[in-house]
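In the two assemblies presented below, subunit A is common to both, partnered first by subunit B and then by subunit C.
So, the complex of A and B:
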């Protein structure tokens, strides 16, 4: 079946979902699932070798002829939108149900459909104006999803920050597309590599798309928005919508000529984003904020891959360039899958305990074995551990970087530091997720909320299982998924069409299967032994203290203490310490908070100045008619003097 | 003929200054009325041969500007029960100085403009600029709505004066249209003045700052 009817069906289903979401949850769920399945079918048929689907209509929308096109790059992202969109709609059926949220649940369903529809529009639009319209719609839909729980002040604050930051980005994109249209004479998009005078426009696109992707230091909106949104929304925001920023960068770099510095800047920004993102993630004590910062890190990895691929294009090194691009594209998928899985897991924890604060949790694996196991799988995958899918994409990026270094081209100067930083990032990511997993699921429950936790229901467990299975599938059979990514690389860089499967990927695939088998066997043995004999329980050695309590376990702050110290210059942690005094000290406290450094130390002061200037200018708008007439007179006199003086000269 | 017109323009400029310097609303209204009649008379003086359309418009202008509008304004003034402009944002002496300076500037500006030779000796252009400026000063400097209406009328008189330059080419129907607009505008302002008075017990427009944007 060609993608056309499938895409039409998907769009119709989602549009019907916008209406149906208001009144019936089950009808909406069925519509959304059918639509996402259709979209996935369209994307899959194209990635599996179908011809490029194109639709041109002379019927103008907003004055421009409609031009839709699905090529392999769009299809790659569309598949991710469809998978996470479908999984999230099932998850929301229980997580954000009508019983729990009678007010916001219908609204949430409506905006969910609108979000998926507009993201599809972004991916299919081949006209700059329509792209912008879809882009703005999807930004607004995401805003309403973030602020579903808008009676809470921090949710509203996060929503406004997201909206204002997004509009800063949209402004850059408006400038970008408008300048492009002005110079080419048409809003139509497409390859225009020979127009070298368009190269400086790349910087506008970098800011606009980079802001949406959460590139450091433009990530300021991301942690609070992703942490305060409902978890299924966090999942699609972190897993999919920030990838649309990457999609935009991929398109821009694929179509336009680039400034010479662009690949170097991109790879440098990627390295900084990855390292700083994970440093911030490690220091967080709020589970969802930790996951959000971790998304920043993963965007950094993707940017390293993309920047490296651009270096390869500029220098004509197809071999490692392909590896880097494939790594980046694989990571788009992989991160979308496991980050959604992790946010679903976090939502399940939040649903069961009512808190995102890791230091209030603990020991949840007994009450929530499914969530614990699936979260652990996602955590291992995102840390880039074999035999899971995170390892595949990071390994491809490493391989490309190493090839670039051994190739002794000038690119080695960027590739070597990038590889080192990627290594540090990977280690910190592992530490971050050891911390998160251990704080939440291991040890003893620290509070009553954690003691009375319960496992999530089948509607929430099902989507998590699906995502976990996809993660494992990509991990165990990378060779199967390679051609799909290779087609996307071919669409991005036409010279790279026939891309054979790297021989090492076969070896890696078998190795992954062997490792997975070993891990499974070890796990089963442990389970069998524990079931047979029961795990022996002992008190830890506690210096003979007589009344140990669960609160004396490692906290997330103490776990991250040492590594937090390494990055203190960046994180600027704020500490309040009240030492125990006297022989029988009654009170001693220690509070440690990691601020949003970039936001609070850079953006807020700048915004304050802008606000002051605006307030001063706003005094001109006071409502006194007399002064308004005076403004008119002054303006007239000014214009008149310009005419008179201009006429003289 | 031209000297008669110049005399009338000089009268209009003098009335401008009277309107600027007076704090009593009846005298401002009176100044506007006399100015309107003087200006209404001009088309008759400018046209050498008698034209009944021009005559009709001149009579109409004089009737509306000299009688109808002043009567409406006086009635609004009585309804609102105010006689004086109490606290102008530009005082009366500064207003007068502005008006006088504006008149001099208008003469200078008229000299600088590339006018047709037949208009060069006429006071029409400086008088027009001076009236427009006076209208603006009244609009900006007065807080009572009725004084502002007077400013608006003087502003319109200035525009009308400028329009007289084109009397040979422009159909006077355009001027008639302006007149109609003006009458409707004054009606509307009369109604609004009444409403403001009833709602707020004051005609001070500087207090009407809440419904902005």
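So, the complex of A and C:
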């Protein structure tokens, strides 16, 4: 089946969902699932080898003829939108149900459909103006989804921050597309690599798309928006919408000529984003904020891959460039899958306990075995550990960087530091997710809320299971997914159309299967040998202390103490210490908080200065007519004197 | 006998070699420490007796732990064994080798670390939390050093495959690389000066404190895995420094064995002659190791230019 009817069906279904979401949850769910399945089918048929689908109509929208096109790059992202969009709608059926949220649930469904529809529009538009319209629509839809719980002050603050930051980005994109249209004479998009005078426009696109992707230091809106949104919204924001920023960068770099410095800047920004993102993530004690910062890190990894691929294009090194690009594209999928899984897990914890603060949780595995097991899987996957899918994409990126180094091309000077930073990032990601998993699910419950937790229902468990299965599928059969990614690479760089599966990826895939099997077998054998279920149970051996309390456990802050301390110059943690005083000390407290450093120490002061200057200038606007006449006279006199003096010289 | 059967027999011998020889190393280290201290010390085969005894024993579990507490050590053991099997053994090469296998090796060690830290956190003990936090934090610096060392080897040999990376004659940076990798070996295997495997004062430890609650077969898996990891790092260090590729098969095998013995005795001597560092000094030493590897990388880069 050609993608056309499927896409039309998907669009119609989602548009109907915008209306149906208001009044019936079940009808809406059915519509959304059918639409996302259709969109997935369209994307799949294209990635599996179908011809590019194109639709041109002379019927103008906003004065421009409609031009839609689905190629392999769009299809790769469309597949992700469809999978996470479908999974999230099922999840929301229980997580944000009519019973729990009678006010906001219908609104949430409506905006969910609108978000999916407009993201599809962004991916299919082949016209700059329509791209901008769809971009703006999806930004606004995401704003209303973030602020579903708008009676809470911090949710509103996060929403406004998101909206204003996004519009800063949109402004850059407006400038970018308008300048592009002005210089080419048309809003139509497409390859124009020979027009070298367009190269400087890349910087506008980098700011606009980079802001949406959450690139450091433009990530300021991301942590609070992703943390305060409902969890299914956080999942699609972190898993999918920030990837549209990557999509924009892929398109820009694929179509336009680039400044010489662009690949170097991109790979450098990627490395900084990865390292700083994970440093902030490690120091967080709020689970969803941790996951949000971790998204920043993963965007960094994708940018390293993309920047490296651009270096390869510039130098004409197809072999390792392909590996880097394939790694970046695989990571787009992988991160979309496991980050959504983790946010769904976080939502399940929040649903069960009412808190995101990891130091108030603990021991949840007993009450929530499904969530715990799936979260652990996602945690291992996002740490880039074999035999899971995160390792596949990170291995490809590493391999590309190493090949660039051994090839001794000039790109090695970027690849060497990038590889080392990637290694540090990987180790920190591991530490971060050991901490997150352990604080929430292991040990003893730290509060009553954690003691009375309950497992989530089948509607929330099902989507998590599906995402976990997809993660495992990519992990164990990367060669099956390679041709799909290879097609997208070919669409990005026409010279790279023939990308056979690397032999080493085939070996790696087999080894991943063997490793998974052996790990399972070893785990079961040891559990059986230890007679796990029947083994005698005793208190944890705490240096022979017989009455341990749950509060004595290592907390999130103490776990992050050592490595977090190395990044204190970056994190600027705020500490308040009240030492115990006197012979019978009653109170001693220590409060430690990691602020939104970049926002609070850089952006807010700058914004405050701008606001002060604007307030000062506003004094001129007081509404007294005689002063306005005086302004006019002064201005006229001034202009006149310039004319007179200028005429003489 | 066809080629497949030969490969199979070779694989089994290699597997048995790793499994059987690894527990020798801690025994040798302890013997060296005893000699230097003027004691007779435990027999070299002590760890074998311990493992046999532990495997027979029952298990006591904490009331808090999930099945992950037992599965963690099992997966970690598999991961370390897998990493060991990727490593070529001088003259007989690797049983399986592919472009980029060195990265799999590094990440298998990371998988083992994840599982051990996870299992430690299962108990809810503050001591084990402390150990896990130290383990994963210091590993950040150790991993940076290890990646840099691997980069140096890659640059020197122009390859990302372990077999070809480890065969050529070591370049001018061999001494730097040896010093860096030896420090990483000490840190990753929790030896003095990073950790003191002979104390039982929990506050001062990394590895030992993470396994306080393990007993019976899972503890046996942990101890055996730790000894395999030590052997793995020793073999990696020796092969990175000695030009085994240029020697005849017998000489290469002898050089490899002698090199591993020297490294092991070296660990024992360091342990006898040095005290454990204060914890705040640990990052400094690891950063030094990273810098040594970085200089080795630069030397390898310049060496290739000449």
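Just so we're on the same page, the second predicted complex is superposed on the first by the 589 of 649 C-alpha atoms of A that agree within 3 Å, B and C clash if a C-alpha of one lies under 4 Å from a C-alpha of the other, contacts with A are read in each partner's own complex, and residues count from 1 in each chain.
We adopt the following convention: a residue touches a chain if its C-beta (ideal position, glycine included) is under 8 Å from a C-beta of that chain, and two chains touch if they have at least 3 such contacts.
Note that this is a predicted model, so its numbers are computed, not measured.
Trainee: In the superposed arrangement, does A:627 touch subunit B (first), subunit C (second), both or neither?
Mentor: After superposition on chain A, A:627 lies in contact with subunit B alone.
Trainee: Contacts for A:515 in the overlay, against subunit B (first) and subunit C (second): which applies, first, second, both or neither?
Mentor: A:515: touches subunit C, not subunit B.
Trainee: Should A:403 be classified as contacting the first partner (subunit B), the second (subunit C), both, or neither?
Mentor: In the superposed model, A:403 contacts subunit C only, not subunit B.
Trainee: With both structures fitted on chain A, tell me whether subunit B or subunit C touches more of subunit A's residues.
Mentor: C
Trainee: Does the superposition put A:644 against subunit B (first), subunit C (second), both, or neither?
Mentor: So A:644 only meets subunit B here.
Trainee: Is A:526 in contact with subunit B, with subunit C, with both, or with neither (first, second, both, neither)?
Mentor: Only subunit C; A:526 stays clear of subunit B.
Trainee: Subunit A residues touched by both subunit B and subunit C?
Mentor: Looking at subunit A, the two contact sets are disjoint.
Trainee: Using the touch definition from the top, list the residues of subunit C that touch subunit A in their complex.
Mentor: Per the touch definition, subunit C meets subunit A at residues 55, 58-64, 66-68, 70-71, 73-75, 77-79, 82, 96, 98-101, 103-104, 106-108, 110-111, 113-114, 117-118, 121-130, 132-134, 136-140, 142-144, 146-148, 151, 154-155, 158-160, 202, 212-213, 216-218, 221, 283, 297, 301, 304.
Trainee: Please name which positions on subunit A make contact with subunit B in the complex.
Mentor: 621-627, 629-630, 633, 644
Trainee: What residues on subunit A touch subunit C, complex-wise?
Mentor: 362-363, 365-366, 369, 372, 376, 380, 383-386, 391, 394-395, 398-399, 402-403, 405-406, 408, 412, 416, 419-420, 422-424, 426-428, 430-431, 433-435, 437-438, 441-444, 502-504, 507-508, 511, 515, 518-519, 522-523, 525-527, 529-532, 535-543, 548, 550, 552-554, 558-563, 566
Trainee: With touch defined as at the start, can you tell me which subunit B residues reach subunit A in the complex?
Mentor: 89, 112, 136, 139-143, 148, 205-206, 208-213
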